[in-house]
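Comments concern the structure below.
To keep things simple, chains are lettered A, B and C as they appear, and every chain counts its residues starting from 1.
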Amino acid sequence: MYGLLTPLLGSLLVSTMAIPIVLIFSIPLVIVIVEYARGPLSRILDVIVDLTAGLPTIIFAYIGLAFLSNWLKYWVEKPLNRLLNFIPLFSCKPLTGQNIGTAALILAISTVPFTTALIREAYKMIPHSMVEALYSVGLYKEEVAYMKISMIKTAIVSAILFSTSRVLTETTIVSLLAGNQFIISSCIFTPMITIPSLIVNNFGYSTIYPLLDSVLFTSALILYAISLALNFAGLYLNKRLEVIAGG
Amino acid sequence: MVSLRFIKVLAIRLTVATLSIISLAVILLIHVSILVNGLRIALLNGFNLLTGTPPLPTESKPLGGVGPSLVGSLLTSGLAILISTPVSIILGFFLVEHRGSKFVGFVRAAFQSLYGLPTITISLIVYILLVIPMRTQSLLAGSISLLIVALPMELTYFENVFSNIPLTYKEAGYSIGLDRLGLLTRVVLGISKSGLASALTLTLARVMGETAPVLFTIGNALTSYPTSLFQPSSTITTLIFMLASSPFQVQFDFAWGAVLTLYLIYLFLFTASKLVRGVEL
Amino acid sequence: MKCHVEASGFRLRINNTEILRGVDFCAPKNSISVIVGPSGSGKTTFLKTINRLTELYGKVEWSGDLKLDGESIFTLNPVELRRRVGMVFQIPNPFPHLSIFDNVALPAKVNGIARGDSDVRSIVKWALEKAMLWDEVKDRLDKRPNILSGGQKQRLCIARALAMRPEVLLLDEPTANIDVVNSKKIEEALRELKNELTIIMVTHNPNQALRIGDYIAVMFEGRIVEEGPVREVALKTRNPITQSLLSGGW
């Protein structure tokens, strides 16, 4: 009756969808800002990224609701459903724009600047002597960038951990965009529920239904435990990095 | 003959360029749409945007204001920072001065875990600890929630600032007969003024943009100005949340005005934190 | 000859490493005692123990005696001790966030030496004059120290230490990073100051030791290996360590 498995799966699902998207866009952005942009442009981009990273997530949620869900529904999700509905991922008809796919996308968009900032710090910390050594063996800028990224793999993992923690605990975007239905399906256009949105939506009833408040509280604690574990793992990795870099 | 290596390099360059352009375009679009749509609502309402109350579902145009929520935001964030800052200064100084001890490690770990507390969980905790006994949601409960968000953040920032003060100034301070408290107030604070101010503005920016912690704790009073700490109120963030969930188009549309207000406040604080860094030291 | 600062058989461990291995030292009143020795011999540690600054860095265990005016420094209140014993550091470190005036005024105010604005102003003027800096800064007292040269900053630090009216002034290689002209000024100031307080100075420069020192103590591996009036030690020493230090510099 009060199964927590559904929202838990929903939370996990939305982050498994969002994080790869975040990585795909963050890493190239870091490379462009550090390697390709010249002096003042690089600094301006840094400021824009930092500014957007701290932007309140409710704003992302609202923009998502105002534009993306409708726009996405007509221009992306419906076509994908019509054309590719043999793939289970796209097999359901999107009724509203509010489904797990949209939520994951908006989550990804809001997390990219944050992750970019984290990875950028590690990327910039690679010692100059190392970079010079790389160039001196006759590598192209792109190959050097590739090597640098592989050097900071631990930092990238740590960034993933922090970002996942952030995505899992993000409330406003999922509440407004994920659809809030107790369904689990492999189709990304289904509305689903996550732990934060579970709490938000059922909060008002918690004084009426017996035991509901303890259920919500338990789920909140589960969330805390997961995010704590992720955060500490990220911090632990960062400590290891400090030792390696001799910092 | 183009070598395989050259093709690889070109492919990397192309992918990196395309993906970043997409990211930057999306980011830019976000800022632009906030400004454009927000301005539309702002121009429609003029100064009343800041003082009025949100439009009723029955209105035909998105006319109204964010007044009560704005005040609620300022009060809760202000109170949270007011309490968090002195506590974090003292605690941060203490942590840096007693670096090696196990007790310090324990305290730091305790605050790190506070840092990882999901904001929705904070909301629930404060609800259970404060709202239920008080039998009402309130400004106070909202402030406490934000305080829990602000403390670990400020503590981390301040500890960082304090540990970056060169040892030689602390030695000089002790050598002229200052005790620990004297060193903090007369030397450490003075030297780290700009770092502290920057950290404070950043935390304020973050705290004003939080929605989840206040969602259950501050209440839903969107149309009346708060008269006491113990009454329900609202913040700009909860206002946006409510308007965004509204089935009425006019209210949903009006949310742009609230979004713009929040955005401008955030922008102001962000810029302030960068400027303060450079100027005072 | 009474010793203002006296150490007998003084041993010191910091974080379980023994740095001072039995120091016997005497700094007579109103004189300049110079401590010389190779790097790592413990000179700075000894100096910073006299005003109990070393206790701030870790676990400190000591044995033997270290006395100020006959009283063991470890029985005195550290804050009160540090008022009586002023210190000037190797790299000039005036407080960057205070004006030149406030840098000198702070120790006087904090230690209750000066009460009231005119009192403070007269102490600041006195301290800056003794440090031979007054004429150069009297029109810029409200400016930050960053406008001063290295040598001026160091003299400011001397003035800051003097503002507490200490009995003893400790200086850790005060002219090591200072140009020749300013070094000479500082040495001149110290020569005059010894009439009012006892000066203990660590130096790397054998000529400086000979120029302004009254007594010299040679430190090697945590012990004082030779001690006495400067002329006597310099001319008559048979100790090979002293000989190589004084002739070749270190």
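By definition in this document, a contact is a pair of C-beta atoms (placed from the backbone, for glycine too) under 8 Å apart; a residue touches a chain by one contact, two chains touch by 3 or more.
If you're wondering where the values come from, they're calculated on a predicted model, not measured in any experiment.
Undergrad: What pair of chains is linked by the largest number of C-beta pairs in contact?
TA: By number of C-beta pairs in contact, the leading chain pair is A-B.
Undergrad: Suppose chain centres are the mean of their C-alpha atoms. Which chain sits farthest from chain B?
TA: Farthest by centroid: C.
Undergrad: If you average the CA atoms of chain A and of chain B, how many Å lie between those two points?
TA: Once rounded, the distance between the two centres reads 20 Å.
Undergrad: Using mean CA coordinates as chain centres, what's the chain A-chain C distance in Å?
TA: About 59 Å, centre to centre.
Undergrad: So how far apart, in whole Å, are chain B and chain C when each is placed at the average of its C-alpha atoms?
TA: Centre-to-centre distance between chain B and chain C: 49 Å.
Undergrad: Find every residue in chain A that makes contact with two or more other chains and list them.
TA: Not one residue in chain A touches at least two other chains.
Undergrad: Provide the residue numbers of chain A that touch chain B in the complex, in ascending order.
TA: 24-26, 28-29, 31-32, 45, 47-52, 54-63, 65-67, 109, 112-113, 116, 140, 142-143, 145-146, 165, 168-169, 171-172, 175-176, 196, 199-200, 203, 213, 216-217, 220-221, 223-224, 227-228, 230-232, 235
Undergrad: Using the touch definition from the top, list the residues of chain C that touch chain B in their complex.
TA: 51, 53, 56, 58, 79-80, 82-83, 86-87, 89, 91, 93-98, 106-107, 110-111, 157, 160-161, 163-164
Undergrad: What residues on chain B touch chain C, complex-wise?
TA: 100, 166, 168-179, 182, 186-187, 190-191, 193, 281
Undergrad: List the residues on chain B that touch chain A in their complex, please.
TA: Interface residues on the chain B side: 9, 12-13, 15-17, 19-20, 22-24, 26-27, 30-31, 33-34, 37, 112-113, 115-121, 124-125, 128, 202, 205-206, 208-212, 215-216, 237, 240-241, 244-245, 252, 255-256, 259, 262-263, 266-267, 270, 274.
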